[in-house]
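The letters A, B, C and D name the chains in turn, as written, and every chain counts its residues from 1.
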Amino acid sequence: MVNVDGALVAKSLILVAKKVEQNKDHLCELDGEVGDGDHGVSMTIGMRAVSRAAKDLPADCTPSEALQSAADAYADEVGATIGPLYEAAFAAAAQAANGKKNLNEIADWASIYQAMADAIQQVGKAQLGDKTLLDAFFPAVEHIKGLAKKGGTLEAALLSTAERALKAAKDTRNLVPQKGRASRLGDRAKGYQDAGATSLAVVLKGFADGVSKRKS
Amino acid sequence: MVNVDGALVAKSLILVAKKVEQNKDHLCELDGEVGDGDHGVSMTIGMRAVSRAAKDLPADCTPSEALQSAADAYADEVGATIGPLYEAAFAAAAQAANGKKNLNEIADWASIYQAMADAIQQVGKAQLGDKTLLDAFFPAVEHIKGLAKKGGTLEAALLSTAERALKAAKDTRNLVPQKGRASRLGDRAKGYQDAGATSLAVVLKGFADGVSKRKS
Amino acid sequence: MKKLINDPFDVVEEMVEGFLAANDQIIKRVGKRSIARANSPIAGKVGIVVGGGSGHLPAFAGYVGKGMADGAAFGNIFASPPAKPVIEATLAVDSGAGVMYTYGNYQGDCINFDKAQDKCREMGIKVETVVLNDDVLSAPKAQAHKRRGIGGLFLVWHVAGAKAEQLASLDEVVAVTAKANANTRTVGVGLTSCTVPANGAPTFFLPDNEIEIGLGIHGEPGMKRVKVRPIDSIIDELMDAILADLDYKGTDVALLVNGLGGTPAEELYVVYRRVKQICEANKIKIKFKHVGNQVTALEMQGTSVSLLRLDTEMHDLIKNTTVDTCMYKKV
Amino acid sequence: MKKLINDPFDVVEEMVEGFLAANDQIIKRVGKRSIARANSPIAGKVGIVVGGGSGHLPAFAGYVGKGMADGAAFGNIFASPPAKPVIEATLAVDSGAGVMYTYGNYQGDCINFDKAQDKCREMGIKVETVVLNDDVLSAPKAQAHKRRGIGGLFLVWHVAGAKAEQLASLDEVVAVTAKANANTRTVGVGLTSCTVPANGAPTFFLPDNEIEIGLGIHGEPGMKRVKVRPIDSIIDELMDAILADLDYKGTDVALLVNGLGGTPAEELYVVYRRVKQICEANKIKIKFKHVGNQVTALEMQGTSVSLLRLDTEMHDLIKNTTVDTCMYKKV
């Protein structure tokens, strides 16, 4: 079993950043169908800053410190809608991880993901079904909460949670957006997968791979 | 044998205008290779004005009056390089036709074409080989002067003169332009057929068809 | 993608650097992504802070200077700035008379500016906000609060800036800005999309025979896609939408025919010609007219038409104020 | 082709109509294709008449107004006006102090303006001409008289207009205009071509990874085609060409980073940033700087950089003159 200490959380953040950047063009394309085509760019800019901050962390940082550095990086660099959402999410994650030397339990991550999703909802005021990243995140949170009760390895739990998020992201296709610029298109935005939900799935996959120390 | 009176000259001018407009896009394309892509447009604007003026002429106008109306139409509407050139050309044609009730002899047209080419040279100061419309016009003038000596029908003479102009226009491909904006490209402009030479051939074809009363 | 840029991720940084250098007589830098008038804070004057995503020049930074805005925050391309540069601009322009934020109605801007407002109020600065929502076609009238802000921003800020220049109180500046916004309507049409540099491909694809009615200023799709047709009939449709939304008949207006960035000025004058004909037919008197690129979307081709219904106060404010901002001057 | 137009053959007519209506405080119509300042002729003032093909706004008509030109003639798109509108403008602006024609060096313009000059002189009007040829890359230095006029026109007219505004004599206005021209150099780069409306297709095709160095303002091909690369290295090459052609080291300059019509302002500021670095490295002091669309080619994308080497006279002329033309204002 891996020991998910602050250093590994930091490494995971760097991996998340890499994955997001690899998906930049795809995320922009999705956003371009109904929005302004910049989602992949905003996420890349934010995660590049997160990555830089993670690399600057001391080796003995706590998980909470690592997550808070991500929040701070987002705060200054990104703006847009997604900036405050991820800033709040990472800050809430840091809060949820506070006092912990490591995040080795599925329950740790369940509470972190829950805190992140809640924070995003608090800032963005979106409801389930509004066709936002929450439509990927909330199902993922429910999923990992179930796994925390059931038990199993952390690696497997994070991976299947990321998969759950991706499936949910794909399901946003049928939703009519209620928030952000896509909402102005109404039914015209139906049929397109939500960009933010898709990037959220990429982020969760990044954490899963980072924690299980796998490469891709 | 047709009687080329003022009315038929007017009709020919209308036909020339129609032919020029039919060739608009092609002429623009040629000009666009080395110039600013507007030659077909300038010629169309000019010949539309010529056509309008020709339609307004009294039925009993003289050939000279018809040609002068074309000069006046060009003067006010076109500008560009081509405007003053054709204005001068039509005015010189009117001058050459002055006092004549009809233009039934090959020699009439030989002197008209000669006067037109000379006027263009006087205004534009281009030499043979400078890759301008004169490189189509001068060979055509030489050709019709030869025919005037040899004899034959006017229709056949004008037609073969237009053909001579077209061949000469095609031969401009190998020239390096010395006048106008294409001249700034130097050798880069080699290989492209000169737009003005091409439209000159269209104009001469229009006269030939107009006089022989053929449709196209 | 072909653009006059270096690394696409450096565009905003390098653009800001060039913008500052080119306008150093008018503005100063007050943070990495924030500027203020060189002589800020101006004693007794309400500070007007504008901002939003980059890619809309002259909006927003281009309007910092005498007669319009006092400070601005730059976001990334088409992305609202974070709260930080807004706060920096606020601190730089606050003379004690208070600060007004005014920007187009986009979720990202609202979230980030509100955050800045909260923080600045905590610091004891009086901050008020007027969010602008002139884009008629972006939501039905019953949901006008959801409409986004586009070209009309320029007209509203003309009024707001003039009022603040007179050293009016924060309440007065807010009131006249809200009034100007309530009397401003815009409709737009897009011919092409545009390319976010770090994206590298156009945001969407419009076939060569289709245009988007109701297009915004981010290259995002508009309200409906229609076939290309003569501009007069398009303008007729746009003006119908404006005139149906607010009663302009017989009133005085300030008018903007706005270019979206990639459209030649010649075409904007063809548009103005038709707009003026329609105004005349509706007995609308055009008191101030502007034809040009004021609120753009990178190299997008298209136009928007904005009308601000004037009362005497707004009319005189515009009339009597010289404007000398980075990118817009009124002698 | 997608444009905000009706019949492509009506574009110039409708554009002129809109232009006149939008600028009726500044100009009046004096012919079908000619305009003059509303208060022309101005007693004792040399009248400056500019003009050329349409498609270059603000050039040329956009510069009619206080501090720049007195009259202008509109040609068709990219086609010099005939002599007639030039004559109309001349008659409208001549106060008896004489008239100066000043325009870019294109064969069509030279022929038509010369014709107008001849006719006006026959009528007893004093007319002189200064043809502008700032485009370094359009001919080698030994054949500088063959060079065409592009973005630098704007800088030269700034000086010329200021001198005429001071009621200087025709000889003096001509002299300072010629001096400004002799001290102005421009180089340009094009990313895309443009579409003459009545043509309907782009003048030429540039692949998505190629640009044209030395491009003019008619969408015509430039001097050489190169692969896309970072703008800094392109600007370095352009500035090398300028600095090799005229000695700017240690001098004061007025500077223009010009947009060709379809390029976002953001990119022009990225260009300005680099130009400024190069000027600093060469101890060139930028006294006046302009970043924007001044001499355009419809919706062409690209930029040109112009430097005018100032002496005290030209410096003070620019500095002390307010400009209030149709499309350019200097407070």
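Definition applied: a residue touches a chain if its C-beta (ideal position, glycine included) is under 8 Å from a C-beta of that chain, and two chains touch if they have at least 3 such contacts.
Keep in mind the model is a prediction, meaning the values are calculated, not measured.
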Chain whose mean Cα position lies farthest from subunit D: A
Euclidean distance of C-alpha centroids - subunit B vs subunit D, Å: 33
Chain centre separation (subunit A, subunit B; CA means) in Å: 72
Cα-centroid distance, subunit C relative to subunit D, in whole angstrom: 29
Numbers and ranges of subunit C residues touching at least 2 other chains: 77
Junction residues of subunit A, two or more chains touched: none
Arrangement of touching chains [line / ring / star / complete / other]: line
Every chain pair in contact, whichever chains are involved: A-C, B-D, C-D
Complex contacts: residues of subunit C adjacent to subunit D: 1-7, 11, 14-19, 21-22, 54-55, 57-58, 62, 66, 77, 189, 191-192, 208-209, 211, 228, 230-232, 234, 257, 261-274, 276, 289, 291-293, 296, 298-299, 301-303, 322-324, 327, 329-331
Subunit C to subunit A touching residues, read off their complex: 9, 53, 75-84, 106-108, 111-112, 115, 138-139, 146, 148, 193, 196, 198-204, 216, 218-221, 223
Partner subunit D, residues of subunit B touching it in the complex: 24-25, 28-29, 32-38, 40-42, 44-45, 48, 75-84, 123-124, 179-181, 183-185, 188
